[in-house]
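Read through the structures below before going on.
Both complexes shown next keep chain A, but they swap its partner, so chain B is in the first and chain C is in the second.
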Partner chain A sequence: MDDRDLQYEKYKSILENYLEEQSEQTLYKGQQFSRKMIEQQISPEEAVSLHVSVLEELFPDLPEPLKNSYDFLLEMMIGYGFAYREHQSLRNRQQQLESEIEVAANMQQTLLAGKKPEVDNLDIGAISKPAQKMNGDYYHFVQDENDCVSVAIADIIGKGIPAALCMSMIKYAMDSAPEQRMQPGAVLENLNRVVEQNVDPNMFITMFYGLYDSRVHSFYYAGAGHEPGFFYDSEKDQFEELFTKGLVLGVSKKTSYREYQRVLNGNDMVIMLSDGVTECRSSQGFIERDEIVAMIRKYIHLSAQEIVDSVYKELERLQEFELRDDFTLLILRRKV
Partner chain B sequence: MNLQIKQEDQGNTHNLYIAGEVDAYTAPQLREALLPLTGKESHETLVHLGDVNYMDSTGLGVFVGALKSSKEHGSTLKLRGMTSRVQRLFEITGLDEVIDIEDAKGGSK
Partner chain C sequence: MNIQSCVEVRNEWDIVKARQSGRNIAKELGFGTVDQARITTAISELARNIYLYAGKGEVTIERTEAGSKLGLKIIAADSGPGIKDIRRVMEDGFTTSGGLGAGLPGVKRLMDEFTIDSKENEGTNITAIKWLR
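Our next item is the complex of A and B:
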């Protein structure tokens, strides 16, 4: 017996059982059988055709109108068959796309994988996790020969592939104007021009840019509509908002950005984040900025990297391990 | 994850009443309602946001798009009565300086 005959016999026995006694158990067997048929890619019209042949064997004297009605049903099922095959081919296509996205995500990782700077008097922590495969958050450190460290953190509106594409534009624009690195306001003005010309009208980017000059222990910074970070004053043991005023990138051609400055004493910290951190929603509602501060405080005795890792783990747990938005948290701490 | 939009017109003034959440899922719906209005020369569009309890950056993006469209077509766009939570978003992003926002209502701060 070949597969087809086996199938026929099996279907016949299930159907006979059911006709004798309409039990739940037999119905269940029917369900299992149909699952197998789907696995073997049997089309809906083939399934009806199988039913008709079995029926004709069991009841040779089937009334003519009934027989004809089955021909009619077969014809109807052909449409479903097409839909089914289309579904199959879409599934294949989807798998193909997924593997392409995987490749793109890996490329993005390579593009982003900037080294964390090693500076004698600075303790640096950085973490960035995408909600989906591609990350719409961006951060980048650059260290120069004078031990000045510049840091950029950006959030591109939306998630997924469009955001990731936009991000490579930012990285390219920043890499191509290295002489501006020391002037946060000018960096943002320049980026704003690039972004304004190149993005969809509904899109924008928020960015915070800072420069730490370890010779004078000063942090110079400017913001383009980015979620404010925090400044930790270790002497007062207080967290303050790292406020900046500035329009998001990509909205208005001529925008200027104010530059701010903070001096860091030993153990002072600059904390930068993306709105994925403050837009976290737990089952009890939004996670407020105060709670983020409380978490950082809880781990303040650890190294900067351990702090950001621990805060991430805690937030992940609060959201039942399902990130809704990309998450980025950076800490710079002046060592004593 | 639900958004209701109601439109009332008085001459050249269009009132859009928005209620619910404006996020990545509902933003296209808002864009579809809003953009045709801002594209009409010398018309005024008033967006009432008092019943919006959540907005994310995609939602802000719709207003950025609407602002650009109104500038391009010579129409006026105004936002009215947003909650403090939503207002904070417009302040952080600096959009409160480029978009016409009227009196805030509600909220604790």
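Our next item is the complex of A and C:
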């Protein structure tokens, strides 16, 4: 007996049962059988045909008009079979696309995962989590031979694949102008030009760029419409906003970016973030910047990496494990 | 045995004619009711495409053999505008006649073999085979 005959016998016995006694239990068996048929990719017209052939065996004297009506039903079901097969093929296609995106997301991770610098007097923490598969946030550290560390954090307005494509361009633009690395304002001006020329006008990029010179313990920075970070003054035990003035990248051809400077004493911190951090939403509404500060303060005795990890975990829990925007949080702390 | 039938397609009635001769030949070759309905639907779709996009053309239905296999072959040919992007019309979701699930990918799935040949401004030639199991 092959699968087809088995199927036929099984269907026949369930149907016979049902014709004898219209019980819910038999209907339940029918439901389970139909699930199995779907698993075996039996199309609707085949299901009807199965029913008809069983019926013809059970009732050899089926009236002619009834028989003909089944032929008609069969013809009708071909259309459903058409749609059913298209659905199956689209589902396969979707799975294929998903695995392609998976590969792209992994590539993005390798592209972006710049090594966290190891500098004697600096404690660095970094975390970046995408809301969907591809990350629209970007951060990057570069360390040079003088132990100067530059850090960039950017948020591409928009999520998913377009944002990710745009980001690889930014990374390339930054890598190809290493001589500017020491001048945050000039870095942003250059990137603004690249973005303005190459990116769709309704895509915007905000960015914060900073450079820490460990020889003079100074942090030089500039911002392009990016979510302001924080500066932690350990002596006063106070958090202040790291204000910057500057237009979002790609809006205007000629824009200049002002450069700022802060001196870090022992245990002072520079905190950089994306708006995915401040736009976290709990059941009580948006999470205020003050609350982020309070969270950082709560974990301040830990290492920089432990702080960012802990803040992320807490915000993740507050949002019931559903990120609405890409999330990036970076901390630089001068060791004592 | 040499069964062949050729239907010229110019209007909707011709679509019915093509279906009818397809069903007759399918029955004669010994196809079951489900396969008969599939073959007829495939013929219907192909003839309809000719009627809608080329205006006129021909649907030929014939018996075909390969080794010990016996089958039914449909050839739909026209000298219409042709298909510019064949890959695109063979994609699911790109429905030409607007119907749900219709179109060439559907026909391809109903049949066992399917080949399409088309040149812009010269016409389209589609061949589809269903083998007898």
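Note that in this section the second predicted complex is superposed on the first by the 336 of 336 C-alpha atoms of A that agree within 3 Å, B and C clash if a C-alpha of one lies under 4 Å from a C-alpha of the other, contacts with A are read in each partner's own complex, and residues count from 1 in each chain.
Keep in mind that, in the parts below, a residue touches a chain if its C-beta (ideal position, glycine included) is under 8 Å from a C-beta of that chain, and two chains touch if they have at least 3 such contacts.
These figures come from a predicted structure and were not determined experimentally.
Undergrad: Output check: A:E227 vs chain B and chain C. Expected answer is one of first, second, both, neither. What do you get?
TA: In the superposition, A:E227 contacts chain B only.
Undergrad: Go through the superposed model and pick first if A:I14 touches only chain B, second if only chain C, both, or neither.
TA: Neither partner.
Undergrad: Quick one: is A:L74 in contact with chain B, with chain C, with both, or with neither? Answer first, second, both or neither.
TA: Touch status of A:L74: second partner only.
Undergrad: Per the contact definition in the header, classify A:L55: touching chain B only (first), chain C only (second), both, or neither.
TA: Neither partner.
Undergrad: Between chain B and chain C, whom does A:D155 touch in the aligned arrangement: first, second, both, or neither?
TA: A:D155: touches chain B, not chain C.
Undergrad: When both complexes are superposed, which of chain B and chain C contacts more residues belonging to chain A?
TA: B
Undergrad: When the two structures are overlaid on chain A, which partner does A:E45 contact: first (chain B), second (chain C), both, or neither?
TA: Second partner only, chain C.
Undergrad: Please indicate which partner A:A83 is in contact with in the superposed arrangement: first for chain B, second for chain C, both, or neither.
TA: second
Undergrad: Which holds for A:N202: it touches chain B only (first), chain C only (second), both, or neither?
TA: First partner only.
Undergrad: For A:V251, select first, second, both or neither according to whether it touches chain B, chain C, the two together, or no partner.
TA: first
Undergrad: Can you name the residues of chain A that touch chain B in the complex?
TA: 155, 157-159, 200-204, 206, 224-228, 245-248, 250-252, 275, 279, 325
Undergrad: Within the complex, which stretch of chain A touches chain C?
TA: 45-46, 49, 52, 71, 74-75, 78-79, 81-87, 89-90, 93
Undergrad: So in the complex, the part of chain C that touches chain A is made up of which residues?
TA: 32-34, 37-38, 40-41, 92-93, 100-102, 105-106, 109-110
Undergrad: Quick check on the complex: what are the chain B residues that touch chain A?
TA: For this pair, the touching residues of chain B are 24, 31, 56-58, 60-62, 64-65, 67-69, 92-95, 97-98.
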